Amino acid sequence: MQTEILARPSAAVARLTLRAGETITCEVGAMVAMSTGFQVETTTRQRGSGGLWAGVKRMVSGENFFLNKFTARADGEHLIIGPTLVGDVIHHELVGAGTLIVQGSSWLASGPGVEIDTSFQGIGKALFSGESVFWIKCSGRGDLLLNSFGSIYEVDVQDSYVVDTGHIVAFQDTLQFTVGKLGDSWLHTMLSGEGLVCHFSGRGKLYCQTHSPPGFGHELGPMLRPR
Amino acid sequence: MEYEIRNRPAFANLLLRLTRGERVLAESGAMASMSSSIQVRSRFSGGFFMALLRKLFGGESLFMNELSTDSGGELVLTQPTPGDMECMELKGQALFLQAGAFIACDTSVSLSLGWAGIRSWLAREGLFRLKVSGTGRVWFGGYGGILTKEIQSEYVVDSSHLVAYEPSISLKVGLSGGVATSLFSGEGLVMRLRGPGRVYLQSRSIDALAAWVNSHIY
Amino acid sequence: MSELQEIQGGVFSTQLSTGRAGATLRVNADGVHAITAEGQQFQLTWGDCQLEVGGASGRMWFCSDAARSLTLFSESPQLPAAIRAAAPPPVLARVQQLEAELQRKARRARLGWAVFLGVCLLVILGGYAGLRHAARASVSLVPHSLDEKLGRLALDSMDLGGKRLDDKQLLDGLRAIGERLRAADAGRGFTPKLHVVDADIVNAFALPGGEVVVYTGLIRAADRPEQLAAVLAHELSHVARRHGMHRIAQTVGVVGTVQLLFGDVSGLSAAALALLREGAINAYSRDQEREADSDAVASLSRAKIDPRALADFFALLQRRDKGLPSALRWLGTHPDLGERIAAVQRAAAALPPHTPVALELDWKALQARAGGRTAPAIDP
């Protein structure tokens, strides 16, 4: 499968060209355009995290994680996929060594060799901000496409690093993390509704995004009409 | 303290490199990521009562974060909306910032809340505005690109596109359209600015975005 | 030689790297000087200096050269004061001109505020008056069926203060009186539905749509059936004139206007019902009571019943109710009974002379059925 990322960095989309029989699994709603030779199947599971139980776990974690599996019927079929918010798309190659933990809304698509596990919710719900943070464990071999709100920047963590939870795109599981407050005041954390950060330690790669969807949501939300 | 505004103009973010002992004051929620050697202290911006006023009438957050380091570190600050950022070096003069525009400043800069007047309230720009003054750098941003304009005489600006302006600029609110809609909805109100001075504008309006989304809700 | 005053302000200059800087200003006989924090110096002599007032606060003073390449400014009132003290006549004249303009602007602003507050007051007062008028107008658009529906709902859900009596004789007696009044066109547009409630309350009331409740206390206390008829006629007038609906419209009007302004009119009918039930509108306004009184006199006379029976009933109430001294009774929503008696007597006297026809009722029997007590003795 060939991957080409167009319209970087503000409104990126990924243009994927597949050979006959190749598949790619994408988030529902990601399809922008495609040639006619695709078979599309909507599923709630991915190889390796199969079955009803995994689906139930996903539902319990607060996120309906439905997947579209595209299979090319012939060589040269192409598919253009993109995320909702303005930002970037990057292509990460998984080489069978280690796992990448991806933030739920940053996962765009992955190839067949990549296992997706959503049962891992180690970080749990962000209690104070009231949003649930949803994580996807990606392992195996193959292509992985990630998207961001804003630009993506990489940080090579040597020792430790701190990231606001809304700004995390993905990180290698060689990194340990704890969720804590940013400031020295719990009052601040509770009243401002933000201030929860991830403290990473260890060595590994960390992808961050320059803008936080919950942050933007809090800015725009109060101006919207109640339904 | 070195700074770099990266990913301009769509997703501008501020990368600060602090050396030992350096401090910076940042808006609550501005921190995206930082070295673990950076300590954060939260405080009410300008005292509790002022902070409350700012929250209620100025649209700012109740808190500010003071970030400092004992050994040096890196810090990435950002803003909630996609857009550009600007840095202004204050040399004793002052700047008025609209609600939400402020991102960070050197600790040598003083922040205060100024009365914006009824006109500003009518233009839905809040009763209070943030005044930064003194010496040091202040970083601010907006939704969309930031346009800088030096004005000498009159200039007309849509109020939701105003980011920052110098105190030497006088503001008058005027109608651009029909009386009824302008009075009740605040739309159609424009600001007539008179210089001398500099004004910063943003190329997009979050009010307009909200209105657009609202029109699609039902 | 006194130290020159240091005035906080700023400089706009093309010579500055960023074009502007904060500066300390000093005014002397030559002109205005400024020194920035970094030590750069600027000067404008009186010959070059052109003065303007403006800025975000409206009170910032600017001195610039003709080309506007250098401007010294300050928000502090010390600057115009210092300029006035040190400047030559042409500049002085300009300062005075600008200060006069500032004063005019301040006066206009004060006037503007006064007008604004005045308009607010007018809107509030006018709104109140307009609301009453609008309320009246809106009731005329409402069909009678709504009156009846509301009245029925209220009757079923309110606490009447006693049990409803199903006594056929009592009800027949009442209905006979009611029929006589209806024939005389009392309660026009509505069919009166009479109910009797057993309680020691000397009163009767009517709900919108014609539901009339008569308390046994009233039946027992009245000397003659004509007094009961008078009360019924009064209540039927409230029904015909839809006073209840008007009260709802007025009270709800304020709530409703607020709701209309902010959206969401779903609570209006619930509010109307709640008001009825809590009897808030059972307190008719003084104007409405006066209207009902005069209507009652008219319909009683048409029914060939002596209208002074109404005045007699009020007198009865007066005797029983020695509670509030008459001086304070105007505080209640019912106008002073003495006043009402006088009004009824005047209205009755103004009618053409006529012969009343007695009500064909066994009054004593009716009173007995209403509680078995005879009318109370008149207090000495």
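Letters are used for the chains, namely A, B and C, taken in the order the chains are written, and counting of residues starts over at 1 for each.
Throughout what follows, contacts are C-beta pairs under 8 Å (C-beta built on N, C-alpha and C of every residue); 3 or more make two chains touch, one makes a residue touch a chain.
The model shown is predicted, which means the values in this text are computed figures rather than measured ones.
In terms of inter-chain touching, the protein chains here are arranged end to end in an open line. Geometrically, the chain at the heart of the complex, using CA-atom means, is B. Chain centres here are Cα means. That of chain A falls 31 Å from that of chain B.
Centroids of chain B and chain C (each the mean of its C-alpha atoms) stand 44 Å apart.
Centroids of chain A and chain C (each the mean of its C-alpha atoms) stand 59 Å apart.
For chain B, residues touching at least two other chains: there are none. Residues of chain C that touch chain B in their complex: 10, 12, 16, 18-23, 36-38, 54-58, 60, 62, 64, 68, 71, 73, 75. Taken together, the chain A residues at the contact with chain B in this complex read 9-10, 86-87, 149-151, 153, 155, 159-164, 167, 182-185, 188, 191-192, 194-195, 197, 199, 201, 208-212, 215-216, 218-220, 223-225, 227. Against chain A, the residues of chain B that register as touching in their complex are 6-7, 10-13, 28-29, 31-36, 38, 40-42, 61-63, 65, 76, 78-82, 100, 206-207, 209-210, 213-214, 217. Residues 88-94, 96, 133, 135, 150, 152, 165-171, 194, 196-198 of chain B are the ones touching chain C in the complex.
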